[in-house]
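So that you can tell them apart, the chains are marked A, B and C in the order they are listed, and the count of residues begins at 1 in each.
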Amino acid sequence: MLREAARGPRRPARGAALLVLFLGPFILLTVTFFVAPAIITAVLGLTDLDETFQGSFVGLQNFRGFLVDPLLPRVLLNTLVYVVFTLGFNVGMGLLLALLTTYLPDRAGTTFRAIWLLPRLTPVVVYGLLWLWFIDPTPYGLFNAVRTRLGVPPLDLISWSPWLVIVLVNGLIGASLGMVIFTSAIRSIPEDYIRAARVDGASNLAVVRHIILPLIRWPLTFVLVAQTLALLTSYEYILVVTGGGPFYDSTVYALYVFRRAIQNGDYGYGAALAFVLVVVGALAALVYWRVLRFGRMITEPKIEVD
Amino acid sequence: MAQTAAALRPWRTAAEVARRAQRARRRETVGRLSLYAVLGVLSLPLLLPYMWLVAAAFSKNVSYGLIPSGFTLENWRFLWVRNLGLVTGTEGRLPNIWQVVGNSLALAVGTTLVIVVVATLAGYYASRRSFPHRTAFLQAALMLQAFPSITLLVALFILLRSLNLLNSMTGVVLVIASLHLPFALFVMKGFFDGIPWDIEMSAMIDGASRLRTWYAVLLPQVRNGIAAIAMFSFLWGWTDYVFVLTFILKRSAWTMALYLSSVIGEYRFVDYGVMAAVGVFYMIPSLVFFVFTQQYLMQITLGGTKG
Amino acid sequence: MARIVLEHLGKQFGSVAALRHLDLEVAHGEFMALLGPSGCGKTTTLLLLAGIYRPTSGQILFDGVVVNDLPPQDRHIGMVFQSYALYPHMNVFENIAFPLRLLRRPPDEVRRRVAEVAALVQIEGLMDRKPSQLSGGQQQRVALARALVKEPTLLLLDEPLSNLDAKLRVLMRAEIKRLQRQLGITTILVTHDQVEAMTMADRIALLKDGLLQQVGTPDDLYYRPANTFVAGFIGSPPMNFIPARIEMADGRATLVGEGLHLAAPDALVPVLASRRGSEVLVGLRPEDIRLSPVPAEGAPQARILDIEPLGREMVVAVTVGRQMIVALADHGFGGRHDQPVWLTVPTGRLYVFDPATDARIA
């Protein structure tokens, strides 16, 4: 203790050194590769940078270009359908799975939940591979193999209903998040409430309706908000399975950004498109924060000595 | 009151009780069976493809898309053939699988190292020390964590290009690591938060400096946290697709994701066996992770409540 | 209003026997307490009665009808949980109305019954509040109301007073007892607090390790304990147990312990004579022991070890040789640490137990 006191005037410098050592790398990396790109996106959006990496400032031209982009309306429609239906599937399926598996004995429930977690844990490309095999338009694919067996001609699912495909592809991944969250929420409902409800005369269905569902409103909100945000901005799976096709029929907004910017090389325009998404993302993150009172997560440290 | 009580009571005689009991028993069995049935119907279609994948990887022929036959290891020739030929035979060949594996490992391990080191350091500091603008810092980190980083792809591409980090594992490592740092920070912070202050206080009273306290006393306590984010980081690096797709253009720098993607493109309507074999090979770390953490995953309470 | 019979009721959890062959009868409108230390099986019994657990052996009968296989929702029971288990997302009215809504009673009947029972437990003004806005005592009343609103066949109370502060506890004890008398509903209360059981119940069933030790009125258990466990559990401060030997001389029996000679009352002589010379445990309640500062005829001498003043009385611990004995003295007792005192048992109320079986001999 005396040693510490004797260090006196050196402490502020030492404190600063520790701060740099511990927080420095974090701050450096996140600012460079996380914060800066956000700003770059905004700046880029104001240029007409193309695949030759030459461009100049063009002000809001790109943004005005949205209005005359022939592909954009279809993309927006795709995005709307995709988000709404996949959200419904994710939340609905997640809830259903959670409810069903919590009524089973632990082992069985865990097994089913493990199966539903497989898609999420599979590398994107492998998951895409499995889907590609499933929807293969030749009789090699599972879907059409079954159809052939039943004497029905093969069907190219992607062409027939691109929306259905992208909703299911992402739905199977997304449902597992809701499932895990809802399961733990249901499990954390004190046993006494369920017992009291039974003694009060409630059947299983009544317990679900009157006790379980009302008490998981919080996690439900969380999943809705989190999933909406994720759906608006993710496109990996669609990219692998449909590539956004046929043509642009299964391209959602986030994928459109990728296709225009990275595949076509319209960096300026792409950045402008991305900028919209960045703003949406930032707003959603704010909502996330507000709605779920993340502030509770931060408490002051207790040791004040340096 | 006795009269109205009887009015509300749903049973009165032994026969009625027996009937109700029987009905309840039947409802229970039917309920349980239909539960299994529904879950089975929902889950089987998910399981089948994976079973097919493994089967097809070792089969010569996959008839009717489902039933494999003819055990073979031919599909795995990409492991020992110098360069797996492309079906079209026109352009250059696919890179050697072991070079690709090397790249993937470099990416995965690199990401893990960066994230573990940076997040543990920052997590400790954020958890146990006060510093100016601490609240603002944590709030900012929280917002970043919730933010969809994939939207920054275009900017990151341009950024990496100007830093001359395209086509290099370093670039991708830095990007993936940085984008996941806020999440990792909060996980580690959470673990540090869970250490009682008493331990640290008593170490300090015993004469240790804060730095020494950190690595001798606190670090061992958060071993689980480090293990957790190490596992996640490895997988993020190993399974990444979009970033490697965008930032890696040189064939020799390909990772497994790109290799498989190319194999799919080439062999898709010709030979599912090869595709499946590469797929299974690629999936091994994920499967290991899955098996080891199955129980643990079930117990995680996600989102919003971790302090 | 039902007669409850438990026949050889048992419950196993894996290899653990929580309850073993319990035989018990509760009469119409009786207030029965299930008393015992934690782990004795009393809560298990309650949950078996509620239908939340299924018995592994034995039967439960309501009015002569076996209800083993009847699920909780069909048993028409009211239960107050230790945690009250008030549904947090419903207000007081909705909580109480819940059982009636599940029975699909018409809305005005629901309103009427809820109002009636709310008046009964005096919570009329709290109808709109959520459980989190209520005090502990209020929550308990709401829980009671919810249990009573369907006019249950049987009322189950799981440690209803343990979460209340001392003052409220005394108040609610009287309240619940009054309510039970008024409504005449067969009630079974589970508690680990013997004062609760003694003051509220018509009869008490004392359990230990899943086995029934004794069932009877409070007086039965207090004055005629069946074994050392019952004797030691009922009464506070607990009974003293002193090892002694039965010695007979001239038709009189003396219980000889270390430094202690206690003359046994004549009534007990025949029983003791048949066991002359054997080792026994003598039970003495602290309130039956008198401490005298002056030597008394034939009274053993002891030294004061510790004095705990309790206001109107004092708990005095004394030592006789190496044996410690606890006695009660009134507040005028002027003794001090290490002073000698002399013990007498003026009431002649002592109990004799067989050390091998723990059963009471006399």
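Throughout what follows, a contact is a pair of C-beta atoms (placed from the backbone, for glycine too) under 8 Å apart; a residue touches a chain by one contact, two chains touch by 3 or more.
Quick caveat: nothing in here was measured; it's all calculated off a predicted structure.
In this structure, the chain pairs A-B and A-C differ in their number of contacting C-beta pairs, and the larger number is found at A-B.
The greatest centre-to-centre distance from chain A, using averaged C-alpha positions, is reached by C. Between chain A and chain C, the centres computed from C-alpha atoms are 58 Å apart.
Averaged C-alpha coordinates give centres for chain A and chain B that are 13 Å from one another.
Among the residues of chain B, none is in touch with two or more other chains. Counting partner chains per residue, chain C has residues 71, 74, 103, 150 touching two or more of them. Those residues of chain C whose C-beta lies close enough to touch chain A in the complex are 47, 50-52, 71-75, 77-79, 81, 83, 85, 87-89, 98-99, 102-103, 146, 150. Contact residues on chain C toward chain B in their complex (touch as defined above): 1, 64-71, 74, 76, 103, 105, 150-153, 183-184.
The residues of chain A lying in touch with chain B in their complex are 15, 18-19, 21-23, 25-26, 29-30, 32-38, 40-41, 44, 49, 53, 97, 100-101, 103-104, 108, 110, 112-119, 121-126, 128-130, 132-134, 136, 138-142, 144-146, 148-149, 172, 177, 180-181, 183-184, 188, 204, 222, 226, 229-230, 232-236, 239-240, 254, 257-258, 261-262, 267, 270-271, 274, 277-278, 281-282, 284-286, 288-289, 292, 294-306. Residues 190, 192-193, 195-203, 206, 210-211, 214-215, 217 of chain A touch chain C in their complex. On the chain B side of its complex with chain A, the touching residues are 31-32, 35-36, 38-39, 42-43, 46-50, 52-53, 62, 64-66, 114, 117-119, 121-122, 124-131, 134-135, 137-139, 141-144, 146-159, 161, 174-175, 177-179, 181-182, 185-186, 193, 197, 200-201, 204, 210-211, 235, 238-239, 241-242, 246, 256-257, 260-261, 264, 268-269, 272, 275-276, 279, 282-283, 286, 289-290, 294-295, 297-304, 306-307.
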